[in-house]
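Chain IDs A, B, C, D and E follow the sequence of writing; residue 1 opens each chain.
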């Protein structure tokens, strides 16, 4: 297993946001975490990334216990989080934001990889030297994803990457996820676009009020009527 | 002749302000942190330098030392103090939610340190100014009836050299980028792999070094140090920094020199107490016309809707 | 009540800490002497201190506290003109004697009943200096004035006394040049002063300011004489001025060689301050004045039969004031000294620095007290 | 179109050399549920900013209820009946949830109302109104909390509630469903249907096409700052230009146009 | 009441009022590092009105308050052109100029100060303090107070909510100027002396610290902050210079432990909830 989280617990003062969650992500796997607003998905990812200090449990990455490691060290280990809400650096230019993603790397490849991102997201190319603050919401999201890709991680955790992206770009994004996965990148994905998430993922977990409510293969989850009712919505309802 | 001499006096006085103004502008520009301990770092270098040259190292570790090693120790102490400030102010400053007064948090702790350092020195050495003696009889250069202070000229040149280096470093390098990112969103910078606790201290080391050097030059030049020298130079340096525009290193250079000249001529024409009105009045007027100073950049905004 | 309580308001921090704080040692020496000899009316003296931090308001607060809470019989201090000008109002309100030990601006006690001081007026002292200069025919064709504008006493002296007195002695002078207490770079102010090449530069400022002034004067090539009244006349200026001090001439209200008692006091004082961790080269006139103030109070209290009984506090405070009115006293300051109005009449010593030493150039006896002036 | 509430006529906007809006003209009918869609960077949010007065258009006019808004300061527009939410959540971080919502009432209170000590009166009408609206959105668990730490989806909803608190005639919503899961999205849609039934006109920017399709009867599509489609919701699924630029062909039968 | 206690209470009262003057602008997002300047205006206003124009105590205090407000109003326009740290330093510059003008004016006593002919006792200050506290609590409970806090958090959004940012900020400055002016007038009458050196940069810094350490989120902040700052040094009085050192350490510790100030909304809500479970949603 690439990532093994066991009994992870996270409290913010009185709020018990994550309650003893265990999950695994295998080498080359795409795993998704689903749940309602406030279920604790973002908190879980932040704890795995080291941005929040868990109050219990252990995290193993690449066969090594990283529970006590700092967030920046985990990036060096190859564990990267694309945080919720974009979090781009508005005081840096678009290009500088991308390069920040490659902070732990150096060499000529970085520039090449950056060009590749620009090729994929022409909107970014057009604003390359502009301050990132002028980007539209969706463009900022593209930038956030592109930035994470530049880290060349082993495991990428994406927190609602499709937020604010137009349908075409969502498609592109999920294609990209599949493509990267094919190249060996493992992915832990939190998505509100549950149908697409379950389409690309092989396995999934469902969180409710901080605790694991269900886990299984994507097909199992998609077929679970009670889950569909609570989180996944159903096609007729939406149509 | 008197006028020429006064222009020289103004530029040399401004030279002292420049180094401190640059230190201010660095921490504001890079870390968005108005670090009020900067004047005390300047003072620490001078006072500790004096103390070592007068009493020797503490706990009887040495006899009084010569002026060069004493000032070197003073500068070192300023750097260490600056690092202590980093440890207890900036490191605790996590911009959780952006709002108009957020820069107040480290600012307040830095004011706490201002009191701590100033009163530590006052407790140790009292409030009196102390003479600082160098072996040079006369540190002045007299040409054509003009008196020019050599340490001040050296100080100005050193400041300018450091400034030139810094401005290139910050605008272009990976370090500069990481620092700016950290200033804006420390939590996110960490997620990029930035070791915030390693790179932020670099800024504080530079700050300590700049202030320390300025403090040492001050001691040599005026042959005197005092626990209040920081306040004196600090407020004017702030004026210089604001005049130039926050975060603009060359702006701080220009601002520092403008303040020096303004002060000198204000004193010359209207008397000692007039400088306060002219310097700060000029600042207000300039802010009225250019709310971001002469060479200021746009401040970090919240981004778009 | 076991002891007779006197208040002492002293600047233990702020700009006046340097000259002001050592008065603690001077007062303690006197108290020790008196108590060792059996106290006053059989009771030991006790000093209750309050730190004014060189701040007039703190001095006033201290006066109020000492008067109301501590029930002191009288107060020594506050130290400086700035502090006294404000705190004296409290003395009037609370009705107890306040004896300032250093404030020397003219007119400070005028129209007040409870405000006293055991220092000599700067105007009188500077007049004595000018007299001596004239007597000794020291070059004085022209003068410039440099003063510290944000210290009350220096400001009064620099803007009012020096100009008037220099004129009275026929010495032309330029517009007084202000420096501020904390200015470090005096080049812009001093440049025009040196330009006129005066014989004398009269300085009004605390020792540190005087030190800076002389340093800048010399740097710019001044070769005349720096003079001053009492404001910077601290024995420590020898160290503070360094080798630039030579020839500086000024007034002091105390001189250790004026009497054997004075010399003994000076020596004990240096020891006592050293114990406090303060390095003094000798007693400042305000230290001698503080020392004598304690003895003076002891004398008056003895004469008035003060008991320190809290029930009689009000009347005993009044008795002390009445006792001061026609007292004469002797001490380290001089013999048979007295008060004219609220102000003590004290001698003045003209000091010049020669070969790195204080040298007595001339001395002026205390004026006699004129009973009609008040 | 009969009685449009909002009329845009030839609106243009550029930042420096970058043209962001170009000749945008369309109307929003009173009482309509109108969607504004388009690719990322098409200029939708910019158009919202122009309508709400964050910055003036460089060209063209914006009319609300027939009145030209040129020169009307942004803060007046909410009192004229237009309220909006924000794509990047902009709640007041130091205000509690209920205070954030009460801020929505600001424009409706006169100077005297501004001086009523609402905070000292636990039963004040202003507070009750805010609490009731929060209840209606299922947010009754949160009123006293500071918003900063709430989950994204919750904050997104509070934004909508705050805008509604202004009792607008025209409600501009910038991606209200972003960050909501399908079930919550459906609930939001139902709620907006109710709001619409009360006569409030909706202009919604949204990328969630099932949501758009089930809520709005009229759709305007932008690309590169220009209008490329303005018509019925049904028609947009057949429009080749829109498919090309925005929806994409591949999954058109599946998720996007469900 | 003992003399010492009444003295401390008077200073506390003056500081509390002063802090509220700064708080009112800080609550609306404007950090005023020019407190000393505004207080000097009140103090010198009262002094001149009483010494030169013979106004009675209360008339002079009221007039000084109005003058403070007026100057706050006028200076708001240029100062509000700047933002963030620039504004902090513009207010600082303003105070420096005010003090500089006093310093250079013989009419205002220059650096020698003015000695008042009348004085007030602690009781008067206590009443004034209570009045100001009640007023600010009232203000912060109104929609206007809410608007001020909204301006503090996010100006552009407040604007779109219909808040007239400019008016709120100018009003806050005027009100802050008036309250600060009041504190200055009381100061002048209580100490019987105004001297310009008192109104120095450190004073501006201190009063801002009262407010920021107390917390800008609720009207309790300045009360707690000014109380803490006035009383702790008194409690530490034995230590002389040490007390400021300890004080500095406390400031740093405070910011580490409670970066948003001693009193935050959360804290107030929690206390209130404990006191009356009914008002939990307040």
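The rule we apply is simple: a contact is a pair of C-beta atoms (placed from the backbone, for glycine too) under 8 Å apart; a residue touches a chain by one contact, two chains touch by 3 or more.
It should be emphasised that the depicted structure is a prediction, and the values quoted were computed from it without experimental measurement.
Peer 1: Looking at A-B and D-E, which one has the bigger number of contacting C-beta pairs?
Peer 2: It is D-E, judged by the count of C-beta pairs in contact.
Peer 1: Suppose chain centres are the mean of their C-alpha atoms. Which chain sits farthest from chain D?
Peer 2: So the farthest one, by centre of C-alpha atoms, is C.
Peer 1: How many Å are there between the centre of chain B and the centre of chain E, using C-alpha atoms for each centre?
Peer 2: Each chain reduced to its C-alpha mean, chain B and chain E end up 29 Å apart.
Peer 1: Take the average of all CA coordinates in chain A, do the same for chain E, and state the distance between these two points in whole angstrom.
Peer 2: Comparing mean C-alpha positions, chain E is 48 Å from chain A.
Peer 1: Taking each chain's centre as the mean position of its Cα atoms, how many Å separate chain A from chain C?
Peer 2: 76
Peer 1: Residues of chain E that touch two or more other chains: which are they?
Peer 2: 103, 110-111, 152-154, 156, 241
Peer 1: For chain C, give me the residues that contact two or more of the other chains.
Peer 2: Answer for chain C, listing residues that touch two or more other chains: 13, 149-150.
Peer 1: Using the touch rule from the top of the page, what residues of chain A touch 2 or more other chains?
Peer 2: Answer for chain A, listing residues that touch two or more other chains: 134-137.
Peer 1: Please name which positions on chain B make contact with chain A in the complex.
Peer 2: Touching chain A from chain B are residues 174, 177-178, 180-181, 183-185, 187-196, 300-304.
Peer 1: Given the complex with chain D, which residues does chain E contribute to the contact?
Peer 2: 137-138, 140-147, 149-150, 152-154, 156-165, 217, 265-266, 269, 273, 278-282
Peer 1: Looking at the complex, which residues from chain D come into contact with chain A?
Peer 2: Residue positions touching the partner: 15, 37-42, 44-46, 87-89, 149-154, 175, 178-186, 207, 209-211, 213-214, 245-248, 250-251, 255-256, 258.
Peer 1: Using the touch definition from the top, list the residues of chain E that touch chain C in their complex.
Peer 2: Residue list for chain E touching chain C: 2-7, 11, 103, 110-113, 115, 119, 191-193, 195-198, 237, 240-241.
Peer 1: Give the list of chain A residues in touch with chain B in this complex.
Peer 2: Within the complex, chain A contacts chain B at residues 49-51, 70-73, 75-76, 80-81, 83, 87, 89-92, 96, 99-101, 103-104, 133-137, 147, 151.
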